[in-house]
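Across the two complexes that follow, chain A remains constant while its partner is chain B and subsequently chain C.
Then we have the complex of A and B:
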């Protein structure tokens, strides 16, 4: 986290706080208030939707909950106004968490569905408020509500409240952006399943982000109630709020902490100066046109464009550097002198593990042990259940039956991030890097959330080491899309290692590599084991299986048909039959 | 809570069926482009209203019969749909960004309508606009009946086209897996232009029906978004018959909620249905 940026936010806030005492006209106070208002809404929306990619169209609902929370408590019941603001935050956050707790449980509610659900909530909430005592139809007047004296005039007081809320919102947005929490949210954005397997508690993180986002929207609503002083359902819950907020964030750049604020300032000024007076109709049309042009020509927003341009400027240096595999041998890793002998201690014990998909038993009653320090080969024909086995032991699938005992603790049935935190890591056969994070960030992210559980600063340092180990130092700041397959496979490895796993599962890391690349990879896997990591090695390249493994296990149709020393197992009749058919055996 | 007479209840259910026909008609084109082209075309609502206003203009100023305006508006809007698709595919717009771009179009259409026809209420007056007849004790208004019949006709026409014609099969293949379909010789580009054109032409037809039945005002555009989205989601994206069925279910349940509770409670019905469906059968979408 950069202290300079944080103090910068507060310094600019303090400068704006001086304005009312300098005799600025009331017009400017209310204009700037509106600016703050939209900054809070757009930035708070972005904390959930920009960072995690779960677009909410329900920001109007949370904002409306805040408005009505404050309006009802202050206007109808007669609470002092400042006391209603925490209530507005709480009501909005509780609404969000209640919604999220249900919605995020349904694994398939992602993306568009989440957007529609939140839109639907807006209409439901509006209908309830309209038909109950909270509003009842005529709206709520706040004319008689005392506004606390925070400035020389009433409009100055509202201005000050908006300013404080905007500064707090920006600070929170930045703190999250630069924290481990924020990294987890970005990982959810890029690939939620992988994020969970790498150790991000995705469900909890999404709820936290939703709560913060909704709470801030509620705060904006609470303050806005006294600004407009007459609250109605049709104005509060209009579609304009969620759509403006989305527009501002996209325009500014939703992957950046300050992007939505840039967009908010731009759109608010545009709307204010174009839609007042005789040209109101043209102003609205202009806003529509600008939206179209922005999305067509810069889909990642103003700050996204700047970031891209910046990367483009720094890339040429990387392009002329030598290919990575030539750099690999120079990586500063000290190899242990002797290969450690596998011990008899059991690291992982799998008992009666079964996974059924609607009747098909992909893994059927498998019982096996993995000993500390060994490389266990897991082989079998295509469709024999190897990948399902890995998905079970990494926690991605929950087993239908059976136990997964890792270092004495039964993990079966827990969420995948608990497996990662316990010290299990995996690679994917088809590399699944977080596409909008650089190589360095990809690796650091796993160091933060995996078994190592480092802080962000430590993780970034450790990531450098693992990238060097995988020979990717030259490409540390490249995006995964710019890597070739070989480099992506090594990124997968570096990422799995950064978790400092005690058990590493390699899912066909060699497939698609050339013979010389395979040699390099085999050598690297040996070095990984030399560091004391136990490995489950799923592979079709038999040369590598024979060279690397201490023992092998053979699966066929989900069941274990043989295990033991590689040469012995490959000569068993049942194994030959599985691979080559019955006639041969 | 009030207990309505049987006749009132039946009349409400009938009007629910009619409004359901309207939902289904608007939802048809929206759902097709969403499901098959992966574009959430918010401008669909703008096109419905634009077509409604154009029809109003032709009838009131030029004295053309409302149904004849269909013959002019449907081809015109087909061309608009093709143009929009060309623009969106030219820039390789993602589904989510398509929502934002078409929102931009909608705002522009709304401004255009407001500029040309002002924000005042406009009602299309035609020879049969107010006509209704009586079956049993129930009044059947002609424009609503016309809307429902058109909705049924178009839904079944699309269903049959998707099922039995080569173009329909090609479209389903394209929706399933674009690149693979293209590898088997399907002209993806042409098909999507065609499909988008048809969807927007459907919007034009819905617009004419809308003008026949409802009072027009530009700010109403967005008030239809929520419930039609619910209809499309409930009916299934890319389905031909689904939106009509879902539209009628929602229309009828709203109508019943209106007579039993109060008209202002109606929105909660469609959205509760939508929320329940999304939570328990998210696979539908």
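Then we have the complex of A and C:
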């Protein structure tokens, strides 16, 4: 975290705090308050929706919960206004957490379904408030509410509340952005399933992000209640609030901590610029047109475009340096070090592991052991259950039956991030890097959340080492889309290694590579094992299997049909039959 | 670099916005500057445009008569975008940055309350057109041009029930159905109380949320209740939608009253025959016996037609708007001053003749008499039918 940025936020806030005493027209307090108001709403929306990609159209509901929280407590019950603000935060956050606790458990409620669900919450909440004593129809009038004296006038006091809330919101947004938590949220944005497997506690993180986002929206609502002084359901729960914050965030750049604030300032100024009565309709049309043009030409937002431009300037040539190793590889498969003797200690024990999909048993009662330090080959024809096995042992799938005992702890049924934190890492057959993170960030992210559990600073340093190990140093700041398949495969390896796993599962890392690239990869896998990592190696390239593995296990139709020394197992009739079919002569 | 240029352009627009807003205050001499906002865009714009046209007509006429205090009048109107928070900020700008001499109110209750808060902080007089909830207006220098009276929840239903009681066959049962829109809801709740006190049997009470579009179930419930009178707390096109839904189930209420219907659609649709409502002004005698009103009606009709308004006649909104300007002119002329306190004191102490009748502001929250009258759709036009003193020549309430 850059303390200069954080100090800058507070310093700018302090400078703005002097405004009411400078004698400028009071209108500026009111106008700047509106800027602060939209900054809080847009930035708080972004903490959930921009960072995690869970697009919410329900921000109006949480904002409305805050408005009515404060309005009811101050206007109807007579609480001191300042005391209502924590209540507004809590009510909105509780609403968000209640919603999130349910919907985040359902994996299919993502994307547009989540957006629609949150929109529905807005209408449900509006209906409840309108039809209960909270409002009941006539609205809540707040002119008589005493506003705490925080400035030379009432407007100045509201301005100060808005300013403090905006500064706090921006600071929170930056702290999250620059923290391990923020990295986890961005990983969820790019690929939630992979993030979970890499060790991000996705459910908990989403819930935290939603609570913070809603709480800040509630705070904005609480302050806004006294600004508008007359609160009605139809105006509070208008669709204009979520639409505006979405637009602001996209315009400014939802991937950046300050992007939504830039969008909020831009749009609020633009709308205010066109308030002249003579050209009101024309002005609004112009605002719409300008926004359409800006979004068309800057789909990643103002700050996204700046970041893209900056990356383009600093991007080196797309060369790949050879992997870091002690001796250059030859074309043939050559071991760099003597094959260490595997231990007899059991690292992973799988007992009766079964996974059924609607009656199809993709993994059927598999029992096997993986010993410390060995490379266990896992082979079988297509559809034999190898990838399902990996998905089970990495926690991506929950087993239908059986136990997964890793270092004495049964992990079966736990969330995937618990597997990663226990020391299990995996690669994907088709690389699934986090698409909007650079190579360095991809690797650092795993160092933070995997078995290593490093801090963000440590992880970034360690990531450089693993990137060098994988020969990707010159591509450290490239996005995965800019890498070729070979580089993406090596990124998968670097990422898995960064977790400092005790068990690494490699799922067809060699597929699609050229022979020389395969040699390079094999040599790298040897060196990974030589560092003490136990490996489960799923592969179709048999020369690599024969060269690398200490033992192999063969699956067919989900069941284990053989295990043992590679040469012996490959000669077994059942294995030949599985690969070649039975002779029916 | 093209992208950078775009950013620079956008930054310039933003800076321009701030810069324009910071223009120095104009000198106190020269024209009298009156500032206001209206919902020129957004969901309230259809009605706000009526207020804009009336303001333009009035100021042009005023200047043609020499302006105020011998000075030309200049009206600055800004677009509050139908948002109370923008209305508040713009009124702050009008007072503290533009430094206008006088304020005129915005349209719609939320914006009026926002403007009232600003006026109160800077001790400015605020005359406004159509604020629907008198109990919310606590500021002692606000003056409503819409003569609702301080307690319309009681007086308006009483006026209606008085009118109906004069019928050969007065209603004995009533169904009250209402939107939960704030300025309608309290009137409908008031109607329940008044009906009860007057011995009308309430056979149905239903509410719907503002924005509802499905009136079929409500129509069916009303039909089943068989009321003599349907009191509808509606605004805009809600009443039309309810009557259409009733028509679909072959039901025509014997008597139906609507609070704030859209005047054009309610007057012209076939199923709205004999609809009753409230008014302060219609385009017929005795209102148009006033030459000021007659001139205004002629001008408004022509200008509204030229502007492409869907309804070009003067009714409640236009009349209230015109009245607001009449009040401001009367106070300035009488006091020969632009001093807000003097103007307010004069309005409190005097009665002002306007096109809707004589207004005064000596009752609760600066409201005066309830001048609301009952009008009815007859032959595709609105005509006042009650009280008799304001009824169109020969007009009486028609029933089925």
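Everything that follows uses one rule, which is that the second predicted complex is superposed on the first by the 558 of 585 C-alpha atoms of A that agree within 3 Å, B and C clash if a C-alpha of one lies under 4 Å from a C-alpha of the other, contacts with A are read in each partner's own complex, and residues count from 1 in each chain.
The definition used in the following text is that a contact is a pair of C-beta atoms (placed from the backbone, for glycine too) under 8 Å apart; a residue touches a chain by one contact, two chains touch by 3 or more.
Source: prediction; values computed, not measured.
Asker: Following superposition onto chain A, is the placement of chain B relative to chain C best described as a clash or a fit?
Answerer: clash
Asker: Please indicate which partner A:119 is in contact with in the superposed arrangement: first for chain B, second for chain C, both, or neither.
Answerer: First partner only.
Asker: Just chain B (first), just chain C (second), both, or neither: which does A:229 touch?
Answerer: Touch status of A:229: second partner only.
Asker: After superposition on the shared chain, which partner residues are touched by A:138: those of chain B (first), chain C (second), both, or neither?
Answerer: Touch status of A:138: second partner only.
Asker: Now for A:155: first (chain B), second (chain C), both, or neither, which partner does it touch?
Answerer: Touch partner of A:155: chain C, not chain B.
Asker: What is the contact status of A:358 with respect to chain B (first) and chain C (second): first, second, both, or neither?
Answerer: neither
Asker: Which partner chains sit in contact with A:302 here, chain B, chain C, both or neither? Use first/second/both/neither.
Answerer: Once the two structures are laid over each other on A, A:302 reaches chain C alone.
Asker: In the three-chain superposition, say which chain, chain B or chain C, touches more residues of chain A.
Answerer: On the superposition, C touches more of the residues of chain A.
Asker: Now for A:274: first (chain B), second (chain C), both, or neither, which partner does it touch?
Answerer: second
Asker: Thinking of the overlay built on chain A, is A:265 touched by chain B (first), by chain C (second), by both, or by neither?
Answerer: Second partner only, chain C.
Asker: Who does A:26 touch here: chain B (first), chain C (second), both, or neither?
Answerer: The answer is second: A:26 touches chain C but not chain B.
Asker: After superposing on chain A, check 81-89, 243-251 or 297-305 and name the one in chain C that bumps into chain B.
Answerer: For chain C, the clashing option is 243-251.
Asker: Once the two structures are fitted together, what part of chain A is touched by chain B and by chain C alike?
Answerer: Shared contact residues on chain A (touching chain B in one complex, chain C in the other): 126-127, 130-131, 137, 281, 284, 290, 297.
Asker: Which part of chain C faces chain A closely enough to touch in the complex?
Answerer: Within the complex, chain C touches chain A at residues 3-4, 6-7, 10, 13-14, 16-18, 20-22, 37-38, 40-41, 45, 52, 76-81, 83-86, 88-90, 92-93, 95-97, 109-110, 113-114, 116-117, 120-121, 133, 136, 138, 180-182, 185-186, 207, 209-211.
Asker: Applying the document's contact rule, which stretches of chain B touch chain A when the two form their complex?
Answerer: Contacts found on chain B: 40, 87, 91, 93-97, 100-101, 103-108, 110-112, 114-115, 222, 225-226, 229-230, 233, 262, 264-265, 267-268, 271-272, 274-275, 278-279, 282-283, 285.
Asker: Can you tell me which positions in chain A touch chain C when the two form their complex?
Answerer: Residues 25-31, 33-34, 37, 126-127, 130-131, 137-139, 141, 143-144, 153-155, 224, 227-230, 232-235, 240, 265-266, 269-277, 280-281, 283-284, 290, 294, 297-298, 302, 305-306, 309.
Asker: Okay, in this complex, where on chain A does chain B touch?
Answerer: Residues in contact with chain B: 55, 102-103, 106, 108-109, 111-113, 116-117, 119-124, 126-128, 130-131, 137, 238-239, 243, 246-247, 250, 281-282, 284-285, 287-292, 295-297, 299.
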